[in-house]
Amino acid sequence: MTKIGLEIHCQLTRLESKLFCPCKADYRNLPPNTNICPVCAGLPGSLPILNKKAVEKAAMISLALDCKVPDKISFFRKNYFYPDLPKNFQITQYNAYGPTSIGSDGAVQIEGKEIRIRRIQLEEDPGRLVYEGSSEKTQITLVDYNRAGTPLVEIVTEPDFENPRQVRIFLNVLADLVENLGVSDPYLEGAMRVDGNISVGSGNRVEIKNVGSFRDIEKALHFEITRQQSLVERNIEVAAETRHWDEARKITVSARSKEEEQDYRYLPEADIPVISITGGQIEKLRTQMPESIMAKRERYVKKYGIPAQVAEVLSSDKFYSDLFEKSHSAGNAKAIANIITTDLMGFADTREKKMELKVTPRHIADLADAIVGNKLTRNSGKAALYEMIKTGRPLAEVVSSLDLGNLSDASSLEKIIDEVFKEEEKAVAEARQNPSTINYLVGKVMRKTKGKADPAITLEILKKRLS
Amino acid sequence: MMVDRKEIAHLGDLVKVDLKDPEKYIAQVEQILNYFEGLDKVDFKSEKTLRNEIQYDDLREDKYEKFSSDGRPLVDFLKKAQDNFVRAPKMI
Amino acid sequence: MSLDISATEYLSLVREGGLSVEEFVAKTLERIAKVEDRLHAFITIDSQKSAERARAIDKKIKAGERTGVLAGMPVSVKDNICSTGMRTTCASKMLEGFVPPYDATVVSRLKAEDAIILGKVNLDEFAMGSTTEFSCFGPSRNPWNTDYVPGGSSGGSGVSVSALECMASLGSDTGGSVRSPASFCSVVGLKPTYGLVSRYGLVSYSNSIEQVGPVARRVEDIALLMNVIAGHDPHDDTTAKRKPDDYVQDLDAGIKGKRIGLVKQMAGEGLEKEVSSATEAALARLQDLGAECVTVSLDAIEHSVAAYYTIASAEASSNLARYDNLRYGFDFGNEGYEFKAYVSKVRGNFGPEVTRRMLLGAFVLSAGYYGKYYLKAQQVRAMIKSQIDDAFKTVDLLVSPTMPILPYKIGEKIDDPLKLYLLDINTITANLAGIPAISVPFAISSAGLPIGMQLLANSFEEKALLQAAFSLQQSTRLPGVPI
């Protein structure tokens, strides 16, 4: 049996300041070393001052993953030398002497399978290394500390995954969850990083590090399963080791440095006192948490009668479920859910495209109302939607300028149907014989009206005339 | 506790200090560690340890503040290579 | 105009316009120039800026402008406390050339009250030592006999205050580093309650137990400085939220009716004879002053030296990891080096005592040993604290000699680290328990060497502690410094 466990690093990108100092949490796109202070650059005499909101957001992740949040939270130092680490230790959390990390013992259900969460810890991100020079001889390392000290949550699972597919599903669920919580933007470069560990059968555990993206962790795990299985088949023992994912060659390679032998000499971080948090404060945080994706999904189904599949798609996407929340009323909820999941989501499926949308909750509400009130057909609705997305013009304006309004008055429709009857004598005769072919005639009417004919009224007239 | 050359070299590697005269440290470190071993014989009535506490409500609010020292950014006080990067040795 | 004047007296003279700061500071700088080559208290002296500041304060006073409560007071600061515009070396080769971009909170508070920082004073490298011999700039010398050590690690603070090179000093006390030089140099030194004074800008050695502490010739000057430096600091999460007391008010309240306990384990066989008799005399004096003296036993102290050095070494090994000279510190080109080789090479420039403690720290924290050493040390610490809490249920203060022996000669014990560690037995208890302790000059030995008495109080009871120290001081007449 294959056993896979994950360590996911998730940046708390929605914070204003770093974990232990008031420098910007958003280090992206800044010139090197312009977002640093004595604390995050590790100057002598500086002291870490813990960001309350970081504790709050990490606690929310813990609660959302069904973890226990202890009433005493403490920090430890993990000691190792590396140039991206200004103090040559990382302030993190450690549960070897009792559960004092922000969360522990949680669980997530994915497709009926329980993935246990071992612990969740709040820690600082190191700086960034940039390598220059092509050959080993000329290589130099440049360090940018802008990222140093930005808040990171590490989520450690038990080795509960049986295959890479479950890993992918879990990671998607997790990404949606942290986005829905408003704590992270998982699609930002480097905002979510995954390390894995995997063992096949009773073989040794292998750590996989240096994986750039979600997609690559799946590939890396597949590669490892094949590699380990083929070793087992040849009666070769799988070495307990750390392997790096080589993105270019799409294989894992043994890490030359003996990382597993590192002795981190953990010790309590005395500069940060033990944080005492009451049950009442934790409960208050729980009430401040946005509705979970699960709860949202259930509400969509129960309250509005939205089909389960549509509700699932809609609730998992923070951007679109927010749009739904802001635009719907009892009467148009179902129509809005449809518009968003069938038309809008297909049109704008990436973060960039979502950002470019000019459509507002007002647009969506007006559109749904028009469709529900038979003033627009689904087809015309789609055309109007695409126009609004691009221009941001109000619905009424779009409908009149594109001439999309429904043809629903009987006399106009009668005239058009007259024409169709003249042109399609054979089909009319056939429809009289066999009423199931009537849709062909409806289609003809639609084509003549460029999709504006009200399908219900059209059908009604056609039936009357054919009988 | 016996401390030998190998152990001293290992400790030196953990804290990353080249020991110019490792012999000098062996006897001293061994003597002091043996003294520390007295701790192992203490009969404790309680397992508790002493730690300061801070209330969650007293933690720092999440506010951005730009650092400057007399109008100068911190990087002006650091050793720099090109483009304000700090230069580190080869990592291989 | 004598330089041997209390700060309290000096400041009121200055405020009333009866004394020129410029003149006093000039005279102090002359004194420094005269004695420094024999004492070596200072690492950096800022004569020019000090003179400018002095003139500016005189001008402010003349113009009737508001001035700070320490207006014109010349002080020195231990060179492990960050100060802008003045290098901060920690007496280490590793920090050569480092000029901090920020002031320690205690420094900015002194500056805000118009004190004049004359310069930065000597210490054992990164405050590790109790003699000031482990300074990369060479040892400081005891003004009472320059062949002798001045104590440490805040040796420069003790020497500069004792030898009238400044009026007061800020030191730091991790295991007695303020009280040891205070005792050896016949001045007053206070280690405040952990969390009463900000550590922001104090270069960490053992951050769970150390505090910045004032050194002065008079207890009233200590009270004055505490009024300025004590209190919560948003830059230090370990500072207590509570509002500090006014330590100057009611300083002369006396100790009538107080119960004072002599700590048995600090006054036993290890005491040198003259220290022992001074201790007896001190108890008699306290009784004369109206206190009731009893003996208190804190048997956990037996393990305090082992616990202290375990914790201090462990924390030191981590706190000093940041010194890799990539970002600051002395120039050591890293071109051509591989990272690990470079770091080890550059860090080979730490002195022997710092290196020793880092090695010990690495050992006690390494995999498999944490439970045997570090955790046990923390438990001893909790045990000491709980015994002290019990003791303070029956007594108001504790007393002991500050140091078990008289000052000794430079070089005498430098090669026997364990012996030196054991001499900290009386001072480290306050650090492990986080309680305040003060060393007050009490006697001069037959060979002319100072003996200090230590008083200890419960956490945040500095006011009662200073009142007792003041009583003891007022009843003691000691000769002036011979240099």
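Labels A, B and C are assigned to the chains in the order they are written; within every chain, residues are numbered from 1.
Going forward, a residue touches a chain if its C-beta (ideal position, glycine included) is under 8 Å from a C-beta of that chain, and two chains touch if they have at least 3 such contacts.
A quick note: this is a predicted structure, and the numbers were derived from the prediction, not measured.
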Request  = Taking each chain's centre as the mean of its C-alpha atoms, give the chain farthest from chain B.
outcome  = A
Request  = Please indicate the chain closest to the centre of the assembly, with centres calculated from CA atoms only.
outcome  = B
Task = For the pairs B-C and A-C, output the one whose chains share more C-beta pairs in contact.
result = B-C
Request  = Take the average of all CA coordinates in chain A, do the same for chain B, and state the distance between these two points in whole angstrom.
outcome  = 38
Key: Cα-centroid distance, chain B relative to chain C, in whole angstrom   = 22
Interchain centroid distance [CA atoms averaged], chain A/chain C, Å = 55
Junction residues of chain A, two or more chains touched = 38, 41, 43, 49-50, 81, 83, 140-141, 143, 263, 265, 268, 270, 272-273
Note = Residue numbers in chain C touching two or more further chains are 100-102, 234, 237-238, 317, 321, 324, 326-328, 335, 339-340, 343, 362, 366, 375
Message = Touching at least two other chains at once: which residues of chain B meet that condition?
response = 14, 16, 52, 54, 59-60, 74, 78, 86-92
Residue numbers on chain C that touch chain B, as the complex places them = 84, 99-102, 194-195, 234, 237-238, 241, 303, 305-307, 309-310, 317, 320-321, 324, 326-328, 331, 334-345, 347-348, 350, 352, 355-356, 358-364, 366, 372-373, 375-383, 385-386, 417-418, 421, 434
Query = How about chain A: which of its residues touch chain B in the complex?
reply = 15-17, 22-25, 31-34, 36-38, 41, 43, 49-55, 72, 74, 81, 83, 129-131, 136, 139-145, 263, 265, 268, 270, 272-278, 281
Request  = Would you pull the chain A residues touching chain C in the complex into a rising list?
outcome  = 38, 41-50, 77, 79, 81-83, 86-89, 97, 140-141, 143, 263, 265-268, 270-273
Task = In the complex, go through chain C and note every residue touching chain A.
result = 81-82, 88, 90, 95, 98, 100-102, 104, 199-204, 207-208, 234-238, 314-315, 317-318, 321-324, 326-328, 335, 339-340, 343, 362, 365-367, 370, 374-375
Query = Of all residues in chain B, which touch chain A in the complex?
reply = 14, 16, 51-57, 59-67, 73-75, 78, 80-92
